[in-house]
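Multiple structures follow.
Each of the next two complexes has chain A plus one more chain, namely chain B in the first and chain C in the second.
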Partner chain A sequence: MLFFSFFKTLVDQEVTVELKNDIELKGTLKSVDQFLNLKLDNISCSNESRYPHLSSVRNIFIRGSTVRYVYLDKNMVDINLLQDAARREAMSAKK
Partner chain B sequence: MSESRGSPAPGKSKITEGEADLYLDQYNFTTTAAIVGSVDRKIFVLLRDGRMLFGILRTFDQYANLILQHCVERIYITEENKYAENECGVFMVRGENVVMLGEVDIDKEDEPLVQMEQIPFEEASQMKQERDDARYKSESQKGRQMARYGLIHDFHKSDIY
Partner chain C sequence: MSPLLKDFLNTRVVVITTEGQCFVATLEGFDKNTNLVLSDVRDRVSQQEIASCYFLRGSQVVCCGPLDSGGKESVDLHDLGNDRNSLELRDTLNRVADEHLIWGKVWQSKEARTSI
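Up next is the complex of A and B:
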């Protein structure tokens, strides 16, 4: 559940999602669930030529299994907090 | 409910299995919360086999199984600035086949299509088939080359979106 919690801290921030079909979508992360399905608002697409209608799309729901990368800004991540959470999760898994 | 959500009692840091199930049950509905706002609106859906559907979202569930009304399948042949459409009525889409879905602004939707030429659907679907075959060939070749170096190239024939 660590990644789920982590993504929840990123809600309302701007992220770029790269899908497995090489498409990059940039937008405000609106929600995330336990499958890491993502919902983005105000999207813009790096190569709109492949899907011309994306310019008329306001918000988008992306199935978690089709995501390759999520690009984050460096200062969006509190590394100490994340390390701490990772250790805590590892500890509780051991018990 | 409200007591179990408060600060844990001293010496009881871990939640019980029953409580965990309760939380998990709630999580199941976050997928729902994400698309509930698109019900009765026009959406597009990209499927794993590369098909693109436009239609009015009538209902869905936590797996993103969808029911689309007035469904239209559209193929873009962007290299040649062409597109094709095929009306297919009511569609039920199984959630595992969904890559992404989004609400379409019906005022702006047709803007890119104005500059494109509409061609018969059969013609376009044949062109798409050829394009997919070529892609399958190049991807599986890439897979073989990467396998030679002990690398995995994650590609499945059914995933041609």
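Up next is the complex of A and C:
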């Protein structure tokens, strides 16, 4: 559940999602659920000339299983906090 | 139940599948596995009707988003459709081209090693 919580802290931030079919979508992260399904608002496709299919779509639901990467800005992530949370999760998993 | 798709119910949505197909359809229903029930399913590019009702298994869904009400861009897409190859989507299966050849080589080298 760590990354679910992690993505919840990123809500309302601008992210770029690369899908496994090479489409890259940039938009504001609106919500996320336990499967890491994402909902983006105001999307723009970075390679729109190649993939114009989503050109008249602004708000999109992406199934978590088809995401390859989520690009985040460096200053969106507090690395110390994330490491701490990861350790705590590992500890609780051991018990 | 994932509430993420609730806002899209009964609207025209664009759906991309893992096979690289792209539809426009009306979202009639969904569940927590992202299984979708669609009606009036049309091809995104040619606008040709594919089915009047469609059940799409969740594992086949890539993304799903409502069309803007203007819908004028879809005309553009139709013009672009003359060059259909440029509009083909990749599947999401992360397949390696000629993977069987690679594994063939692996087995050959393995056999060569064991025969020494």
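Here, the second predicted complex is superposed on the first by the 92 of 95 C-alpha atoms of A that agree within 3 Å, B and C clash if a C-alpha of one lies under 4 Å from a C-alpha of the other, contacts with A are read in each partner's own complex, and residues count from 1 in each chain.
In the analysis below, a contact is a pair of C-beta atoms (placed from the backbone, for glycine too) under 8 Å apart; a residue touches a chain by one contact, two chains touch by 3 or more.
It should be emphasised that the depicted structure is a prediction, and the values quoted were computed from it without experimental measurement.
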{"item": "Side-by-side fit of chain B and chain C on chain A, or clash", "value": "clash"}
{"item": "Which of chain B and chain C A:22 touches, first, second, both or neither", "value": "second"}
{"item": "Chain B versus chain C as contact partner of A:39, first or second or both or neither", "value": "both"}
{"item": "Touched partner set for A:92, first chain B, second chain C, both or neither", "value": "first"}
{"item": "Contacts of A:50 with chain B and chain C, given as first, second, both or neither", "value": "both"}
{"item": "Doubly contacted chain A residues - partners chain C and chain B", "value": "19-21, 31, 33, 35, 37, 39, 43, 50-63, 66"}
{"item": "Chain A contact footprint on chain C (complex, rising order)", "value": "2-5, 7-8, 14, 16, 18, 20, 22, 34, 44, 58-59, 61-68, 70-74, 76-77, 80, 86-87, 89-94"}
{"item": "Parts of chain A lying in touch with chain C, wherever the complex brings them together", "value": "19-23, 31, 33, 35, 37, 39, 43, 50-63, 65-66"}
{"item": "Complex interface listing, chain B residues touching chain A", "value": "14, 24, 27-28, 30-31, 33-35, 37-38, 44, 46, 48, 52, 54, 64, 74, 76, 78, 95, 98-105, 107-109, 111-113, 116, 154, 159, 161"}
{"item": "For the chain A and chain B complex, residues of the former touching the latter", "value": "4, 19-21, 30-35, 37, 39, 43, 49-63, 66, 92, 95"}
